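Below: a set of structures, written as structure tokens.
Shared chain: subunit A. Partners: subunit B in the first complex, subunit C in the second.
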Partner chain A sequence: MNVTLSGLSIKGISTCIPQKLLNLRDLSNQFGETEVERIMKSTGIEKIRIADEGTCASDLCETAAKYLLTEINLNPKDIDGVIFVTETPDYIVPATSVILQNKLKIPTTAVAFDINYGCSGYVYGIYLASLLISSKSCKNVLLLVGDVITPYVNNLDRSLKMILGDAGSATIISEGDDKFSFNIFSDGSGFQTLMIPAGGARIPKSEKTSLLLERENGNYRTDENILMNGLDVFNFAIREAPKSILEVLNQHGWQKEEIKLFGLHQPNFLIIDFIRKKLKLQSDVIPIAMRETGNTGPASIPMLLTVEHKTLEEQDRLEKVVLCGFGIGLSCASVALPLKSTKIFDPIIFN
Partner chain B sequence: MKIEKLIRETLFLPDSVEITDAAGPGQIEGWDSLGHVTLISAIENSFGVSFDMEEIMMIESLTDIKRMLQVKGVTDF
Partner chain C sequence: MEEFITKFEGCFDGIESGKIQAETQFRDLKEWDSLTALTLLAMIDADYDVSISATELGMCNSPIEIYKLINEKKN
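After this line comes the complex of A and B, so read on.
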């Protein structure tokens, strides 16, 4: 699906990360020093942010939102749309977005809904927020995107234990003079590639689903843990992300040579580098920023922007930006947009 | 022997692990899916070639890698 929407702007972006930091080298006793070094070298990830027990994705997003609204001087009363994108809602029901609407003192007249998406979720969220604005349903939409995924990762599954981290983000999409182009791709035939099998209506939690079993490559997990077929995810990402990026550039009328920032989802160094090579781009236009946080799923693109914003602003690289997320679903989504007028803030720590 | 050295360095293999032409993903410790992709990336960078996804998924052994390198015009590996 390709579409261009106009009359838009992104006013601000903030992120919030947990205080607790896992240094992956500390896992050497558990997984072996060589294995840990090998994985760290391949992924480019050295540390993981982990939320404390009881801290939810909505808590990180709420903190990011309060900070952002204060910094850009936007009254919650002026927000008329709330979108919460997460794989880890507070409850099965109700939607967490409604709880956040109340916590953030956003008027009850606001529309509020959740979207169950992961790594492509930030672009999906911008797309839906843009639809709300361009249809004149809303003037200011608060997009909250984040996961606290680490409770779903089995401690004996090194393939994910050393990759996935927790984070939340807040973005304000408002009426403005900009136009955004989108490319969105969905392929549910790959839904088993990246999933939590048990706990929903299809496979309710049971004694059987809680059994810890040895899986591929000596990793262990239950069916209530998140699983990932790494090679299939890799295959999907390097096949679809470059296509999606080229499609959105074409839709927006931009040439790839004029783009100074391709803000990609941050799964690991390898995938990003393969996508870069496939697009024949220099490494300086595709920043990498998961070394100190891990793969923060749907929040990884705003995390990249908030970690790198000072450099990006100093080098004047935010006029023509392409963002691309890919992963669970399987799904891939890209957006071409300007971020030059967007106020982007350093990540804040959750207390 | 260049390719064997590259495999050993990329996958952090000790000298005690023998790398035969039959070796491939799942047969050597560290040559799992992440190791496989890491290795292909290292081969691309070292030999100045590019593998498409179908080729990466088809590789079952060092023999396959050598054959593909030859097809891509690399003879000194």
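After this line comes the complex of A and C, so read on.
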């Protein structure tokens, strides 16, 4: 799907990370020093942020939102749309976005809904927020994107234990003078590539689903844990992300050589570097910023922007930006947009 | 094939040159793991413009089997 929407702006972006840090070197006793160093070298991840027990993705997003609204001086009463993108909602029902509407003192006249997506979810969220604005349904949409995924990762599954981290984000999409071009791609034939098999209606939790079993490459997990077939995710990402990026560039009338920021989802160094090589781009236009946080799923693009914003602003690289997320679904989504007038803030720590 | 073996070996971290031959059962090597597999798929995609799935790779046990698979997919 390709579309260009106009009359838009992104007013501000903030992120919130848990205080607790897991230094991956501390896992050397469990997984072996050589293995840990090797994985760190390949993934580019050294530390993971882990939420305390009882802290939900919505809590991180709520904190990010309160901070953002204060900093950009936007009254919650002026928000008329709330979108929460997450794989880890507070409850099966109701939608967490409605709970957040109440907690953030956003008027009851606002529209609020959740989107169940992961690594491509930030772009999906911008797309739906933009539709709400361009259809004149809303003037200011609060997009909240984040996961607390670590409770779903088995401690004996090093393929994910050393990669996935927790984070939340808040973004305000408003009426404005900018236009955004989107490309969105869905391929449900790969739904088993990245998933939590049990706990939904198809496979309810049971004694069987809670059994800890040895899986591929000596990793252990239950069917209630998240699983990832890394090779198939990798294949999907390197096949679809470059295509999607070129598609939005074409749609928006931009040449790849004039883009100073390709803000990609941050799964690991290997994937990002390979996409960069496929697109024949210099490394300085594709920043990597997961070393201190891990792969924060749907929040990884706003996390990248908030970690790198000072450099990006100083180097005047936010005029023409392409964002691209890819992963669970399987799905891939890109957007071409300007972020020059967007207020972007350093990540804040959740207390 | 010789060039492929060299590139195949290049996907391994710290393996001595010449250790891998066309018929080597690479899954038995202590250096083989999921990250090596990822690097191998990236190399095949970049250098041969062929996409190999995890299932297809899982059915190969030696470099020559992968090389044949690449050629089958290219033709």
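The rule we apply is simple: the second predicted complex is superposed on the first by the 351 of 351 C-alpha atoms of A that agree within 3 Å, B and C clash if a C-alpha of one lies under 4 Å from a C-alpha of the other, contacts with A are read in each partner's own complex, and residues count from 1 in each chain.
Heads up, the rule we're going with is that contacts are C-beta pairs under 8 Å (C-beta built on N, C-alpha and C of every residue); 3 or more make two chains touch, one makes a residue touch a chain.
Model, not experiment: these values are computed from the prediction.
J.: In the overlay, answer first, second, both or neither for which of subunit B and subunit C A:Lys77 touches.
T.: A:Lys77 contacts neither subunit B nor subunit C.
J.: If we overlay the two complexes on their shared chain A, which of subunit B and subunit C does A:Lys205 touch? Say first, second, both or neither.
T.: It touches nothing on subunit B or subunit C.
J.: Regarding the shared-chain residue A:Arg25, is it in contact with subunit B (first), subunit C (second), both, or neither?
T.: neither
J.: Taking the superposition on A as described, I'd like to know which of subunit B and subunit C A:Glu37 touches: first, second, both or neither.
T.: A:Glu37: touches subunit B, not subunit C.
J.: State whether A:Gly230 touches subunit B only (first), subunit C only (second), both chains, or neither.
T.: Once the two structures are laid over each other on A, A:Gly230 reaches both partners.
J.: Output check: A:Lys105 vs subunit B and subunit C. Expected answer is one of first, second, both, neither. What do you get?
T.: In the superposed model, A:Lys105 contacts neither subunit B nor subunit C.
J.: Across the two complexes, find the residues of subunit A that touch subunit B and also touch subunit C.
T.: Correct list for subunit A: 38-39, 42, 159, 216-217, 229-231, 234-235, 238-239, 270, 274, 277.
J.: In the complex, go through subunit A and note every residue touching subunit C.
T.: Touch residues, subunit A against subunit C: 38-39, 42, 159, 216-217, 229-232, 234-235, 238-239, 270, 274, 277-278.
J.: Would you pull the subunit B residues touching subunit A in the complex into a rising list?
T.: 11-12, 30, 32-38, 41, 44, 50, 53, 56-57
J.: Given the complex with subunit A, which residues does subunit C contribute to the contact?
T.: 13, 33-35, 37-39, 41-42, 45-46, 51-54, 57
J.: Give the list of subunit A residues in touch with subunit B in this complex.
T.: Listed in rising order, the residues are 34-35, 37-39, 41-43, 159, 216-217, 229-231, 234-235, 238-239, 270, 273-274, 277.
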